[in-house]
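Reviewing the structure listed below.
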Amino acid sequence: MKIPVRKTGKKAGAPPGTIMHLGEHKTYRVKITRVNYDENNYSEKEDISVDELFTPHPGFNVEWVNFDGIHDVEMVERIGSHYGINMLVLEDIVNSSQRPKFEDYDDYVYIVLRMLKYDEAKNETESEQVSIILNHDKVLTFQEKESDDFESIRERIRKKKGKLHRSGPDFLCYSIIDFIIDNYFIVLEKIGDRIDILEEEVLGDTEEQTIQKLHSLKRDTLAIRKSLWPIRDILGFMLKPDNTIITDSTRLFLRDAYDHTVEAIETVEVYRDFISGLLDINLSRMSNRMNEIVKVLTLISTIFIPLTFIAGVYGMNFRVMPELEWRFGYYSIMVLMLLIAVMMLFYFRKKRWF
Amino acid sequence: MKIPVRKTGKKAGAPPGTIMHLGEHKTYRVKITRVNYDENNYSEKEDISVDELFTPHPGFNVEWVNFDGIHDVEMVERIGSHYGINMLVLEDIVNSSQRPKFEDYDDYVYIVLRMLKYDEAKNETESEQVSIILNHDKVLTFQEKESDDFESIRERIRKKKGKLHRSGPDFLCYSIIDFIIDNYFIVLEKIGDRIDILEEEVLGDTEEQTIQKLHSLKRDTLAIRKSLWPIRDILGFMLKPDNTIITDSTRLFLRDAYDHTVEAIETVEVYRDFISGLLDINLSRMSNRMNEIVKVLTLISTIFIPLTFIAGVYGMNFRVMPELEWRFGYYSIMVLMLLIAVMMLFYFRKKRWF
Amino acid sequence: MKIPVRKTGKKAGAPPGTIMHLGEHKTYRVKITRVNYDENNYSEKEDISVDELFTPHPGFNVEWVNFDGIHDVEMVERIGSHYGINMLVLEDIVNSSQRPKFEDYDDYVYIVLRMLKYDEAKNETESEQVSIILNHDKVLTFQEKESDDFESIRERIRKKKGKLHRSGPDFLCYSIIDFIIDNYFIVLEKIGDRIDILEEEVLGDTEEQTIQKLHSLKRDTLAIRKSLWPIRDILGFMLKPDNTIITDSTRLFLRDAYDHTVEAIETVEVYRDFISGLLDINLSRMSNRMNEIVKVLTLISTIFIPLTFIAGVYGMNFRVMPELEWRFGYYSIMVLMLLIAVMMLFYFRKKRWF
Amino acid sequence: MKIPVRKTGKKAGAPPGTIMHLGEHKTYRVKITRVNYDENNYSEKEDISVDELFTPHPGFNVEWVNFDGIHDVEMVERIGSHYGINMLVLEDIVNSSQRPKFEDYDDYVYIVLRMLKYDEAKNETESEQVSIILNHDKVLTFQEKESDDFESIRERIRKKKGKLHRSGPDFLCYSIIDFIIDNYFIVLEKIGDRIDILEEEVLGDTEEQTIQKLHSLKRDTLAIRKSLWPIRDILGFMLKPDNTIITDSTRLFLRDAYDHTVEAIETVEVYRDFISGLLDINLSRMSNRMNEIVKVLTLISTIFIPLTFIAGVYGMNFRVMPELEWRFGYYSIMVLMLLIAVMMLFYFRKKRWF
Amino acid sequence: MKIPVRKTGKKAGAPPGTIMHLGEHKTYRVKITRVNYDENNYSEKEDISVDELFTPHPGFNVEWVNFDGIHDVEMVERIGSHYGINMLVLEDIVNSSQRPKFEDYDDYVYIVLRMLKYDEAKNETESEQVSIILNHDKVLTFQEKESDDFESIRERIRKKKGKLHRSGPDFLCYSIIDFIIDNYFIVLEKIGDRIDILEEEVLGDTEEQTIQKLHSLKRDTLAIRKSLWPIRDILGFMLKPDNTIITDSTRLFLRDAYDHTVEAIETVEVYRDFISGLLDINLSRMSNRMNEIVKVLTLISTIFIPLTFIAGVYGMNFRVMPELEWRFGYYSIMVLMLLIAVMMLFYFRKKRWF
């Protein structure tokens, strides 16, 4: 996972409020899904055009329009002028590397979040920007990527599970945020699993790749942390009672989401501590292992070097070397060398050097 | 001890307030213990059924119902609807990896804590979630695991020790929290003991396992820290005078518990610092020890290598090598070699290399 | 990039309000550019003299005077007394190592910022002090260096892009600040790119220069951090509603700039963390690589040392050494040596030492 | 010095307010010293019994009762009920591992502190718990250990030094706290001295014990820190003007004590930083020294190994080896070897390897 | 520079307000300089006696008395009683290791600061305590050391530079503080220079002394930090509008001084970070350099060891060793050895081991 950084591109000096898509270039058509519901009714229109969206239609209590894709700048501008959204907000919607934030424009609020998804197949964490515009009867959601992730929430409205279908747009907004925070926990669980595996690796049979894996884990926690911290502030703003778009009954649930965010943050911090510890231990274990090898090899050399010296002495060609003439000279020397080797081994053992 | 992390399982996207047990699967029957008491009376019923619990019974001043087990989701739902408890609270009760927290629902308060228990037999610290619901005349406690830990508190009511039997449910709630905090100190003492042992190991005869032991200690302190920090906030909330369920006389005791929590937190922080220091010292001592060995071995090699060279020289087969013909050539060379060895030893000693 | 430090030179003890240029000595003439505009009109005069600046001229709504260079102390003094600017402010304008700050003098506000520019050609980040004086109908900007950087802003006024030409001097002031903050993001993106390259270098084929590159990156982040942090405070002050020079509509945009600054700060902090991590990993990888080499070399020595010893033994000149007379003595010994070598290799392999 | 940790012993679950001594078992009789004084009078009774203490006696303005020892639980209970002290306070007095704290019980205040004493003879820092109960005309002090440390304060009252004998019990209480804080500075000065000695050791002739000494210093600072931090809070509480037991004139002096505490805390923090730095430098110096040795030894080996190889070549027994027959073969080879050795030395020197 | 620590000496237990000089013993006579001035007049008397100071004299608007030396306790006591200064203040004036602080005694304020001076000759930073007492018409300054440092400020009054001679004593007090803060910047610039030199040393040709130099730099920054932090608080107190001794016009200048202090603090923090980074890089570079040497030496050994073995083989004295009889045996073996050496070199080169 890359650490998300706001991109300005060549834009520096462009007037603020310039709507310009700065993510990767994409060509597919933005899919628009409109859901209207109240306690008893439910209507859903998938893949409609902007014109269709703007034509009058039977609106129940709540209208939710979801956009899969933010690269169609022209469309975003039309939507903005139709719903009366500030240019600065539109600029943020299409810039796919926003820092999560909450902005209150009296008759609507604007929320940007970063959604994490764990891709089981690729074994990778992906991140995507989600913008939410909430007013008294509408929720607009803008997703950066093509795949629609909110099917499970629509399912809950359709099947009338929980209190979602009976509540207003603020509760729908809460449900989306809650869904996004839940996804953080799923990613954190995966990271927890990877930490567990790496811990075993580090304490067991450590290898050089372990360092790379730990480093990539660390990078992931840094990225999650950067996306997660602002969510706490966003929820803190939403919990303040001076906002009329959000009702008190929803606020109760937002408090719950706030607590979850705090917990996720704490978990990330604990993970960071833990990964740092593992990096240190890995380092020290690798160096210990290496030292252990070098020590054994050095021990072997140390035992043979004096013996080789003795052999060298009796390989000298001096004319007068009485030992050479002794009948048991060779055998005595061999025994002597054995004795020296044994004594050295004994001494090293006593010193607990191996 | 594992670091407690909130589990979402496959739940992401489920409507909030979905009551779903996410801990290990358990099959034993939840044991319900009901205690009723006032200053003069005491009645206790163990292992009753939910129906029995709901039938009218002579209630003295305070009623305390303890549940050993939170896996029976259906039962929790029945209890919730009988006592009028919010769905979000029930969801938290059955999810066994909650972050400790305090929630005030006007006519009752909800507290989640993590209780640590030191298992003397296994030499392990276990942790368990305890949920407390407190209203004006009742305390409900939900323990995650089968074993009942509150016997000592019941004993105090039965034997009319202290002021517990004379006080209201808020004091009972305080007594339970105090009991849980006391258990933290017991675990901290055990950790202190382990640190003392490891300190000696590190400063004395350090071994490779020491690193694993220190790492496991560090992990324990991280886990305790994560459970302990929120307790301070919980007690902070309970100390605020705007809550009518908790009486002022109990608040005096809660202030005491607050101080203990602060102290426990400080102790954990000091321990973390200390363990980090030990890890560093351990590392440096191991590397010193290794270096010491390599140094001695290298010294030995260094003394013999020049000698071996000399022996090699006089092992050459040149026809004309006058020294070889000398009568005392062999002896002179042996003496020379001895001299060289002694001088080198002397030099190394002077340089304080061994 | 150097870490910017306030210079006092020999000035300590000089009376406060002493106007003294303390940057490098420069001789070029300060270029003055005057722009006057309102919604419909635009007039621009480049490279005018101070006298010309002070002569009456047709003023539209907003007047913007830009000074390229702050080394002409005398000129700054004339300007100060003409526009009625406090001596302390003039002192700060000419001292090119000011800490970014905001000061409110009732009828005008004074802002100092540090502008970063990434010089594509030199592959270097340059920094420059920008002072802004803003009152009800005028903006004065003082740039430390010769090159004029605000052309793109003038272009926007000229071409009537966005709402700049329709707004007052406070919006012009915002646009300048926004431009400066955008430049921080460009520099941060470049740093992000350098980090990516270095990350590959560290995890791939690490070299000694990597350390110097990482160190220079770290120095850059330290310098950016020092310039960036105070900008948040400056914008915080400008957002406070008690200032009449800044209008509410501009404040909305300043809030946006504030959010960007917070994000830039967070990015710098994440980068610092990340670079520290890379330094650690680089260190450990270099030492691992070195250890790997030493290990292989030691392995080779260890295999040959016992063999050399055996050869030495049979090179001894004892008269009685029965093996020497054996017919297949030589071959047997060669085979023995081969066996020993193979066994050692086998053993080392089994121990996973290579 | 041990890090002070609150002990619960087997107490977990005991009712709060259970008075139980948890320090080491002690048998000596608690010594009670009663001092009564006002501006003109002074009476002192040493080693009186509890009954004597409770019998009516001529009380001047201020009464100060000091208890040397807190292990006599029964006595503490009698004193508590006689003076009307809360059970929770009595519990804290006898538990000798309290965290320093301040508690305001309207008609009296309760203060726990940890006093450090530097034992010149043993070259060790000892710590002891001091409890102070202060009401409108009385000060009770409870010391954990036998030795009485407050003689110097009594001396000041007797000799009418300063304003102590002219002031009320709150000033006596301040004088005791001031005395305890002064003792922290004495201990800090000793630690400063030890740091100075160790700094020289680290930068000069570093040895392995240095690590243990630095570690023990670090432990001491951790322990002092844990005792010192809460004192700031205690004094902060005492400085609040809503307490009638403490007069405004004494508050002036308490502010002074507060400043001293802050300074002591800062000193401890600086020392911690400094000791960490010394540990790092010590580590790197030891490893450098070791490397230096290994380098020299390796140099020696490296010079002799090629020479030994040459000698080995001419020790081969090939029938046809023309050099062996040369008249000056031996001498030429010796000169060649000398040349090689000199060239290698020269090369290593040029590379600045020794 | 030593880290300044408050000394208590044997004083612990002495009554508070005991005036006792605790710095080094000094014998020179304290030099008293009295300056009286208003907008038009200026009178200066150097080296007067205390009696002379107390005799009536023509006072202009502002009187400034400077004392060079604080060791004459008796004199300080006389001055204190003459000007009506609190005993606690006098105690702090003579104790030369005070923590910088600000105290407001209604009719006068008391400020203690630590002044740094960079001694160009000794290449050392010296520190000195400066106490300032300011009331409505007088400034008393007490310097710890003999040399008078405020000549430049007197010069400004004499020559009527700036607004100092036209302002009241509060502006004089500000000028002194500003002078002291300016001196911090001079010292910080020197430290910046030393860091630059050390950075080159670390990245270029690192040596063992570098570590000591970096350590001494670190110590200096720790000491400066300890003196600098409290100054921010002091100025913060002086900026509060509830003090009548300081006029609003001076407060404008104090705000400037406050900003400078904040900048100095930030610079110290950046320097600390930077020095830590240099220490780390130094360490890693030294160890790399050492490893590089050991690697080359090991390479040489590794090449010769197999060759020496081969020579050893053909130095064996077996009767039957056919190779020895071959006509070109010797030459073949020499070629074989050359081949082996070249192959090893080639292999090592391919592996990029040298």
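Before moving on, here are some points about what is shown:
First chain written, first letter: the chains are A, B, C, D and E, and each begins at residue 1.
One rule holds for everything that comes next: contacts are C-beta pairs under 8 Å (C-beta built on N, C-alpha and C of every residue); 3 or more make two chains touch, one makes a residue touch a chain.
This structure is a prediction, so every number in the text was calculated from the model and none was measured.
Note on connectivity: the fewest steps through touching chains from chain B to chain C is 2.
In terms of the stated touch criterion, the partners common to chain A and chain D are B, listed by label. Where chain A touches chain C, under half of the residue numbers in use are shared by the two copies, so each contributes mostly different positions.
Distance between chain D and chain E, defined via averaged C-alpha coordinates, is recorded as 26 Å. Averaged C-alpha coordinates put the centre of chain B at 42 Å from the centre of chain E.
Along chain A, residues 287, 294, 298, 301, 305, 308, 312, 315-317, 321 each make contact with two or more other chains. Round the ring, from chain D by way of chain E, the chains line up as D, E, C, A, B. Of all residues in chain D, only 152-153, 156, 161-164, 174-175, 178-179, 182-183, 185-186, 188-189, 192, 203, 252-253, 255-256, 259-260, 262-264, 266-267, 270, 273-274, 277, 280-281, 284-285, 287-288, 291, 294-295, 298-299, 301-302, 305-306, 308-309, 312-313, 315-321, 351, 353 touch chain E in the complex they form. Remark: chain D residues 3, 5-8, 11-13, 15-18, 88, 99, 101, 103, 208, 211-212, 215, 218-219, 222, 225-226, 229, 279, 283, 286-287, 290, 293-294, 297-298, 300-301, 304-305, 307-308, 311-312, 314-317, 321, 323-330, 333-334 touch chain B in the complex.
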